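Look at the two complexes coming up: chain A is in both, with chain B in one and chain C in the other.
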Partner chain A sequence: MKVGLPQALLHYKYYHLWETFFNELGVETVLSPASNKQILNAGVKSAPSEICLPVKIFLGHVKALKDVDKIFVPRVVSVEKGAYTCPKILGLPDIVRGTEGLPPVLAPTIDFTKGKIHFAKAIYNLGAQFSSSPLKIFKAYQAGTKALKRHELKKQEDGLSKTGGLKIGIVSHPYNIYDSFISLDLLKKIKKEDVSIQTSESLDKKIIEDETSSLPKELFWTYEKEVVGTALHWLKTGKVDGIIYLLSFACGPDSLAQVLIEDFAQQYQDVPLMSLVIDEHSAEAGLLTRLEAFLDMIKRRKKIESNHRPDGLSANYARGSVQAA
Partner chain B sequence: MGSLQIMLEDLFRRLEVDYVFPPRSSSQALSLGAAISPELACLPLKITLGNMIQGLRAGADTIVMMGGWGPCRFGYYSQIQKIVLKRAGYKFKMLTVEPPSRGLSHFTSPFKFLAPGISTRALWNIVRRSFQKGRAVDLIEKACLQNHCYVTEKNKLAQLKKQTLYLIDRAESKNEINEALRVGLKTIDSLKTEDKQPVLKIGIVGEFYLLLEPFVNFDIENYLGSKGVYLERSVYMSDWISPSGKNVVGGHRQKEIEKLADPFLSQWVGGEGQVTIGHTISFAKRDFDGVIHLLPFTCMPELIAQSILPAVQRQYDIPILTLVVDEQTGRAGVVTRLEAFIDLLLARKNEMLLRN
Partner chain C sequence: MKCYLGIDVGSVSTNLVIIDDNSKIISWIYRRTQGQPIKAVQAGISELKELARADIEIKGVGATGSARYLTGVIVGADIVKNEITAHATAATALYPMTRTIIEIGGQDSKIIFLHSSMVVDFAMNTVCAAGTGSFLDHQAARLGIPIEEFGAYALKSQNPAQIAGRCTVFAESDMIHKQQVGCLTEDIVYGLCQSLVRNYLNNLAKGKALEAPVIFQGGVAANLGIKRAFEDALQTEVVVPKYHHVMGAVGSAILAKETTEEGTKPTNFKGFNTSKQKFSTKSFNCSSCENNCEVVKIKQQDKLLACWGGRCGRFEA
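Take a look at the complex of A and B:
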């Protein structure tokens, strides 16, 4: 039995969990290749043109997994009480099922609004397709969560250990940041400039939770909370020198989160913010120009601020956020 | 949204709140709203924002907006609109009426602010009566929609609808509302001409706001009706307010929708995503000639439905026309596509008749 794992969307969050889980149960996993032009084209062909880039890429990855027995597309409805993921992730298995010429879909429903027992049952039912021993399934799941924890801890330490140079925070969904094809290799481009990068993964989950619960109405999308909470924390504390907000065109939750984040950026003006909207037509040159301008501005500003001009004029001169769409 | 206005006006009258309704949605409201809206937000946010600006300009100092708990963006509209309006320099208080599923006080507190001292029980009675009105209006709308193609004197029907809605609007007690409704339905029925048969049968599915507001859907119901097409619509305002209620205006209860949609979309995805799939299948099973799917640009639940509809189309062999609307959409483009769709359906129908 070969199970295919598409390298897109929630892959960047839970891959280590699922891979370990399947392997412990003696199931071979096949990972789709890293995103490329071919995958994008295949995805664009089978998705409605109005849907966001990450979902298009996801469909491309699914199509790249043709010689497997099953494709693993978990239906992640909710990962915490009182909040959902994103409607498109809720409907993902159905979208894949509706696409012609694909292997059957393996789609357990992960829904924490229905409680922990519902989740345990979903995991058991998933494992029961490959093993008759409940103990083995339980151990496989435990190994999976351990692997995921290790990975998360490593990410957190990675973010904290970096010192020197400029500190730039990137707020976005992991599938935008780490898919170098979607982000047009943004991470590499930034690293070239002697800049260290922070993401929401380097923050304690408690901090994010505290920040978002201070909003007048709590957000009901878990992953959007991470985006908004991280941006808010950095804007308030000034722990980074600048924030790049990466969002994909036609992303529903981000279209509203953008208003929240930019509103806070106007209230806390000490950290510059740049919003970058990406879609399948984004070009590398445009991104590079904006990135360079943004980094130059921050560098100059730091230089001026370190000169301690007593009139305060120069600090004001360098202040302000760059906005680009 | 005519039916919503009658219901809310009734509610505010009974609560003795001084209210002002913004003018009906128009291109002016849209351009006012779109000018300060987030670019990638969906059309209903932009146009309701325009309505709010018009209301504030007409002298309102408080805005009452509906809320929600997700995952559709609508639940967060009021928060975003508040920020955007404040940034544009407007001064007002925003009250959000949240669904009572996370505590009754989320629902009652805005009303208790508007009408201080009202008891929850009294409020409940008032809301129930106003809701009855809303349902009556929906039933009249439904009757007019579904009888449109059987009526020769279309003007008379429009006039009758206006009259009945006025009577419902004026009605006070439960019995008065029921009487106005009964008489209205009867007279609408009497306008039918027996020998007139519909040219085609088309179902309309899609996002709530787009289906209910004639300004944003380019009044396609009237357009198709005047071409002699029998129409049914998946969403009605009162069904939306109490989704699992009995005596559904739209024809299918939530449970039935879930069952119909299950092979294609077994998960509730917020908004009308599942309703769209369920009703499309229902239309196909009832031998409709085609389905029109309306959605605002970037609407999340409807996009899921849109990606699944081709599979429904394949299995049930029913033509589906998808119309995506945003502030750039022009009437001429929509009408051209509707004309082409009708032509195709007619050709298809004739061919099928010849074959049998």
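Take a look at the complex of A and C:
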């Protein structure tokens, strides 16, 4: 039995969990190749035109999974109490089922709003398709969560250990940040300069939770909470020298989060923020010019700042305390 | 005499500027790129040589604009910088107190916010070129007015017409409608200027305050109608520098001066003879993987100067 895992969307969050889970049950997993032009084209062709870029890419990955018996597309409704995933992630199995010429879809429903028992049942039903032993399924899931924890901890430590050069925080969904084809190699382009990159993965989940619960209204979407909470934390604390907010065109939740984040950036002007919108028509030239200008701006600012203030305190230029100092 | 050369190759115009040790402009060239950046740069350089005094010695070269990398390779630039930094450098050299720079070029528009001669925020137009020089060119041609006289028409207007500026297509149908109902040409022209400014302020400034002094740069700054519309909208004076159309080149010349540390470091400049060299470009689709990258090679006679466009880095020289 071979189960195909599309390397897109929530893959970048939960891959370690599912891979371990399947392998422990003796199921072979096949990963779709890294995103490329062919995958994008296949996705764009089979997706409705108004859908967001990440889902189009997802469909491309599903199409690239040949020679598998089943394709794993969980219906992730909610991963925490009181918040949901975005409507398109929620309906992903249906979108995939509506695409012709594909192997059957393996789509357990993950919904934490219905409690832990509901979740345990979903995992059991999924595992029962490959093993008759409840203990084995339980152990496989345990191994999976352990693998995921290890991965998350490592990401957090990696982020914290980065020092030196400019500190740039990238606020976005992991599927935008780590898919180098979609982000037009943003990470590589930034790393060429003397820059260390921070993401929301290096932040404690408690920090993000605290930031978003201070909003006048709770956000509906778990992954948008991460985006907004991280941006808010960095804007308030100045722990990074600049924030790049990477969002994909036609993403509903992002379009709301963008307004919120840019609003806060007006309030907390010490940390410059730049929004970059990507879509399937994105040209490299525009991205490069903006990125260069943004890093230039921060570098020049830092240079002057360090000349004026050897103590390393923020000189608070945007609000004009320069004259006062 | 120690001098620095700045080159700004954009979508519509190619500008070259020579400045002296005090960042004063000695000579400048403004010409159309006409889709051939290499030829435009070469022609510009040979024109510049004829124009400039015999005793100048180029100690540093900077390149900017959308063809900055190509230009940098061809002339041997000491620094290749984006347009935002170049425009901000030029404006603050001229007016250190500048708080806002409006820059509208052939196909893009920018807004730069400054404080204490330092960029604190910026924005560029996104996918659409409505409200840029090309848009105005197009509409002026449609009205049968030479673009040079466009501003004068706008200044005559008493009752500007309301025109939608969010898109060339909408603006055009609005303009036709206004013509059909008998609006005066000058009112339509100024109405168009106002819609363009509205579009700019909505899309780029996005509600951020444009503090004075406001400097207006780029080719479109020559248009008195747009200047008036900005002044009406912002209720403040908008300053158009004398060399507004070549400010990007001025900025990159100043950056070249900085990079070569006032000419104490050797320059990469290949000399004025560059204009006589033969350059060729070749592009092909690499078929090594599924990405099918479009790779461009730039050659000087048989020598490979540069290569870019590949994602994987195998072509990077």
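In this text, the second predicted complex is superposed on the first by the 308 of 325 C-alpha atoms of A that agree within 3 Å, B and C clash if a C-alpha of one lies under 4 Å from a C-alpha of the other, contacts with A are read in each partner's own complex, and residues count from 1 in each chain.
Note that a contact is a pair of C-beta atoms (placed from the backbone, for glycine too) under 8 Å apart; a residue touches a chain by one contact, two chains touch by 3 or more.
Quick caveat, the model's predicted, so the values are computed rather than measured.
Peer 1: Applying the touch criterion given at the start, work out whether A:181 contacts chain B, chain C, both or neither, answering first, second, both or neither.
Peer 2: The answer is second: A:181 touches chain C but not chain B.
Peer 1: For the overlaid complexes, name the partner, chain B or chain C, with more touching residues on chain A.
Peer 2: B
Peer 1: Which holds for A:122: it touches chain B only (first), chain C only (second), both, or neither?
Peer 2: Neither partner.
Peer 1: Could you look at A:87 and tell me whether it touches chain B, chain C, both or neither (first, second, both, neither)?
Peer 2: first
Peer 1: By the touch definition at the top of the document, which applies to A:292: first (chain B), second (chain C), both, or neither?
Peer 2: A:292 contacts chain C only, not chain B.
Peer 1: Name the contact category of A:260: first (chain B only), second (chain C only), both, or neither.
Peer 2: In the superposition, A:260 touches chain B alone.
Peer 1: Of the partners chain B and chain C, which touch A:30 in the superposed model: first, second, both, neither?
Peer 2: Neither: A:30 stays clear of chain B and chain C.
Peer 1: If you stack the two complexes on chain A, which partner ends up touching A:300: first (chain B), second (chain C), both, or neither?
Peer 2: Only chain C is touched by A:300; chain B is not.
Peer 1: First (chain B), second (chain C), both or neither: which does A:221 touch?
Peer 2: A:221 contacts chain B only, not chain C.
Peer 1: Could you list which residues of chain A make contact with chain B in one structure and with chain C in the other?
Peer 2: Looking at chain A, the two contact sets intersect at 266, 277.
Peer 1: Would you pull the chain A residues touching chain B in the complex into a rising list?
Peer 2: Residues 47-48, 50-51, 75, 77, 82-88, 90-91, 93-95, 97-100, 109, 215-217, 219-221, 249-256, 258-260, 263, 266, 277, 325.
Peer 1: Okay, in this complex, where on chain A does chain C touch?
Peer 2: Touching chain C from chain A are residues 33, 36-39, 181, 185, 262, 266, 269, 272, 277, 281, 285-286, 288-290, 292-294, 296-297, 300-301, 304, 317-318, 320, 322.
Peer 1: In their shared complex, at which residues does chain B touch chain A?
Peer 2: For this pair, the touching residues of chain B are 38-42, 67, 69-73, 75-76, 79-80, 83-84, 87, 96, 102, 264-271, 273, 297-301, 303-304, 306-308, 310-311, 314, 322, 324.
Peer 1: Would you tell me which residues of chain C are touching chain A in their complex?
Peer 2: Listed in rising order, the residues are 66, 81-85, 115-116, 118-122, 124, 126-127, 206, 208, 289-292, 311.
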